[in-house]
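Worksheet for the structure shown next.
We just call them A, B, C and D in the order they show up, numbering each chain from 1.
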Amino acid sequence: MASKFYAIVIGAGTGTGSAAARRFAKSYPVVLMARSPASYQDAVDAINASGGQAVGVSADAADEGSLKAAFARVRDELLPGHKLAAAVYNVGANFKRAPFLEATVADLDWSLGGNVRGTFLFAQQTIPLLLETAAAAAARPPHPPTLILTGATASLRGAAHCAGFAAGMAARRALGQSLAREFGPRGVHVAHAVVDGVIDIPRTSGYNVNGGAEDGKLDPDAIAESYWHLHTQPRSAFTQELDLRPYVEKF
Amino acid sequence: MASKFYAIVIGAGTGTGSAAARRFAKSYPVVLMARSPASYQDAVDAINASGGQAVGVSADAADEGSLKAAFARVRDELLPGHKLAAAVYNVGANFKRAPFLEATVADLDWSLGGNVRGTFLFAQQTIPLLLETAAAAAARPPHPPTLILTGATASLRGAAHCAGFAAGMAARRALGQSLAREFGPRGVHVAHAVVDGVIDIPRTSGYNVNGGAEDGKLDPDAIAESYWHLHTQPRSAFTQELDLRPYVEKF
Amino acid sequence: MASKFYAIVIGAGTGTGSAAARRFAKSYPVVLMARSPASYQDAVDAINASGGQAVGVSADAADEGSLKAAFARVRDELLPGHKLAAAVYNVGANFKRAPFLEATVADLDWSLGGNVRGTFLFAQQTIPLLLETAAAAAARPPHPPTLILTGATASLRGAAHCAGFAAGMAARRALGQSLAREFGPRGVHVAHAVVDGVIDIPRTSGYNVNGGAEDGKLDPDAIAESYWHLHTQPRSAFTQELDLRPYVEKF
Amino acid sequence: MASKFYAIVIGAGTGTGSAAARRFAKSYPVVLMARSPASYQDAVDAINASGGQAVGVSADAADEGSLKAAFARVRDELLPGHKLAAAVYNVGANFKRAPFLEATVADLDWSLGGNVRGTFLFAQQTIPLLLETAAAAAARPPHPPTLILTGATASLRGAAHCAGFAAGMAARRALGQSLAREFGPRGVHVAHAVVDGVIDIPRTSGYNVNGGAEDGKLDPDAIAESYWHLHTQPRSAFTQELDLRPYVEKF
């Protein structure tokens, strides 16, 4: 692990986020970001215990100052001299399902903050670093620098009782497309994954999903493996979007 | 014009907004909303001068208090006893085209405010009124009550240098889909129009569009005519989305 | 009805086809085409009886020779000297729902014939006539010449047990897009309507649709009214695609 | 390579087809199908020479009898006792770009044959074999059995002068969606790859693509690597569709 490259995952406290961190830690030192150590510390410790290299940094993705400070710490203190190889935006601002007329503008703003502003701010922090990695003539990274955004069913489809969350996720997807079109030609791979189904994590262990079918929820490690594949795609064949769902999921 | 129904257009100061107001004024008294009288007063006067009935109300779509006050004025002072037949959300928060790394979070928030929060707030004001109209057994409106959202090319496609605007418009579209799925079954028609091209208004008179082809920009009155058609669709055949573009527009 | 323009509807024996013929007959003489008089004669007689002008012609849309002969008859015998104002392709080759492994290649070819080859052949017959109408300097038609294709839920979505029909309808939609992009700039309006739901015709009278909700099926006359609206759009604001579904339809 | 599983690629004579065969040959014996040995023999020999195991079989994908005979040969003579792990449909019936009014129905039928009927027939041959593999309790394959369909830009977008090819590719995509929805729940992974760009093969060596940018064409081996990734996805996280395009490709 003499790599001078690193990866960063924000929203690292979730099943998908910590799985992505574990997967990328097989090749790079990894920064796990979330709002508090309670969200990332276990994952950081587990990666370090199993031979990887991980650090945790607290940051609120929707808050520009907080995010800037976190990136400054990574650059100046935690991983000085390292180049960013991959970044994963995995914050999901869970807009509660509710009849539209019972939703408040605060609910909407919560979704727009975590799902849109956070994506925007994270991209503004990471894209310059990824461009720098792409441009490095001397020390080419093993794979094209990559920004991956986690999407959801609602990224493609507005559903009843889900207006605010759908708005936020559709906006994130549109941001991703815009970034891919602007920065792809400069060598940065921006991809969006439509994660369509319930993720298999402790919180969902009691959910009766897809009739209780075996493997009826998404395994976070499987999602992470596809994220890793996206990262390894050479620039002659970038994927901008893929979907991921259990074999038994209705779609 | 003894109608006890009315229509409301917000973003009434634009070409599309004032054209929609004029078109709906052929059948209903119309409320034109915009941030200031400078935006709506000419259109209000023109409608009244040509035999229609129009009132203007100042409101900021992205500000909950401002919008609530405006709707209260309509209900209590301007058109007491009237039922809402149709509402058009036509606010376009023009996110300036700019390289992503030069855009600020204030630019993004401007887009999210006018393009998403405004849509959300306007829907929260109008949907209860439209539901009431739909439920009225005694005084059925001539057409199913309708909420129309104006979209743009960016509603479907995130382009380079257009990330914040695309995010806002994609989110508006997702809101519209969610509302259609929730309130269609209760008799409210929610439609979204993808307006794909340059609109023919004084501000764009100098634009060289589509090689200067005759009719190469969208005529606002033509857009308004399609909005009126959407309103007249019976509930057995609602359109949720249509596109509108000049015959010579590349797409 | 001194019009020297006419409209043509193929697949005129269906609910949507005969309704479209009735609607366009309010402004133009109309040609109704179907494979046999049993399909179109009643609709032809009804239009003529109510003051419109209609003729029926037998033709198989999927058979080039049959279609060419039918168009020659219209030109030489039935409506000599008339220009084509609007054409509607409404043939639906009903691929039976079946498990994929029980479907035969003959089932697929049936769908590809009526749903794709027929669209292709009908477009090859009508587009030159519509271009001629668009180019006529002396005798401009009241509205831009129009080709409307009827689509279905399956145009946008492949469903289990519906592979062949979905293939045919997706292909028809793609044809329509290609034609719109090629012939729109030459003044011909090509539109595709996604008819999403059960149509209210004698054959479906016993269907329990949408919980038996009133107006829970598509009224063919409502579909026809939207087709007429598409035809009347000026070339500065063409719709390429719209959906049509009952207010209670799940989507 | 004691595997009792095998892979099959039809359209094996192309850059993508032979690359897919080479990639899957790292794990399985591979059958390469194309209309004549001239298309597949070199690729077969190269795989065998480099330590893999490959056989070639002549078959016309659009001809039911030809395809059935080819699969019977594989089962009875070439790889008796083997189970099908993965199948790739890579036939591209190149509909020539032409003005629509110059295209013939024979051009259309050529596209529908290779692009739709061929997909249908190949799926009818392979799905029963893949279901059998999925159901095998004793000898589970290393990865879920997979059917991959190669798509193109035209799968999603009907362009001018490209009507027949777009129709065929849109239909193939719809077939794939239908199959994924029907057979996913039974453990067969059906995926569709939208290959959006010019593929880097001898025939395109002179093409000036994307301004002559380095890596401006799709490397077939990169496509094949993503096909292999699709095959390795566990059933808890199947991708139904992904796009693949050079970083500099406009989209």
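Basically, contacts are C-beta pairs under 8 Å (C-beta built on N, C-alpha and C of every residue); 3 or more make two chains touch, one makes a residue touch a chain.
A quick map from chain label to UniProt name: A, B, C, D = Oxidoreductase.
Keep in mind it's a predicted model, so treat the numbers as computed, not measured.
Asker: Counting one step for each move to a touching chain, how far apart are chain A (Oxidoreductase) and chain C (Oxidoreductase)?
Answerer: Minimum number of steps from chain A (Oxidoreductase) to chain C (Oxidoreductase): 2.
Asker: What chains do chain B (Oxidoreductase) and chain C (Oxidoreductase) have as common neighbours?
Answerer: Chains in contact with chain B (Oxidoreductase) as well as chain C (Oxidoreductase): not a single one.
Asker: Looking at where chain C (Oxidoreductase) touches chain D (Oxidoreductase), is over half of the residue numbers used by both copies, so same, or under half, so different?
Answerer: Copies use mostly the same positions to touch.
Asker: Taking the mean of the C-alpha atoms as each chain's centre, how many Å separate chain C (Oxidoreductase) from chain D (Oxidoreductase)?
Answerer: Here the centre of chain D (Oxidoreductase) sits 35 Å away from the centre of chain C (Oxidoreductase).
Asker: Using the average of all C-alpha atoms in each chain as its centre, how far is it in Å between chain B (Oxidoreductase) and chain D (Oxidoreductase)?
Answerer: Using C-alpha averages as centres, the distance is 46 Å.
Asker: Go ahead and note the Å separation of the Cα centroids belonging to chain A (Oxidoreductase) and chain D (Oxidoreductase).
Answerer: The answer is 31 Å.
Asker: Pull out every residue in chain D (Oxidoreductase) that's touching 2 or more other chains.
Answerer: Where chain D (Oxidoreductase) meets two or more other chains at a single residue, that happens at 181.
Asker: Looking at which chains touch, is this a line, ring, star, complete or other?
Answerer: Contact pattern: a closed ring, each chain touching exactly two others.
Asker: Of all residues in chain B (Oxidoreductase), which touch chain C (Oxidoreductase) in the complex?
Answerer: 144, 181, 184-185, 187, 189, 200, 215-219, 222-223, 225-226, 229, 232-249, 251
Asker: So in the complex, the part of chain A (Oxidoreductase) that touches chain B (Oxidoreductase) is made up of which residues?
Answerer: Residues of chain A (Oxidoreductase) touching chain B (Oxidoreductase): 64, 99-101, 103, 105, 108-109, 112, 116-117, 120-121, 123-124, 127-128, 154, 157-164, 166-183.
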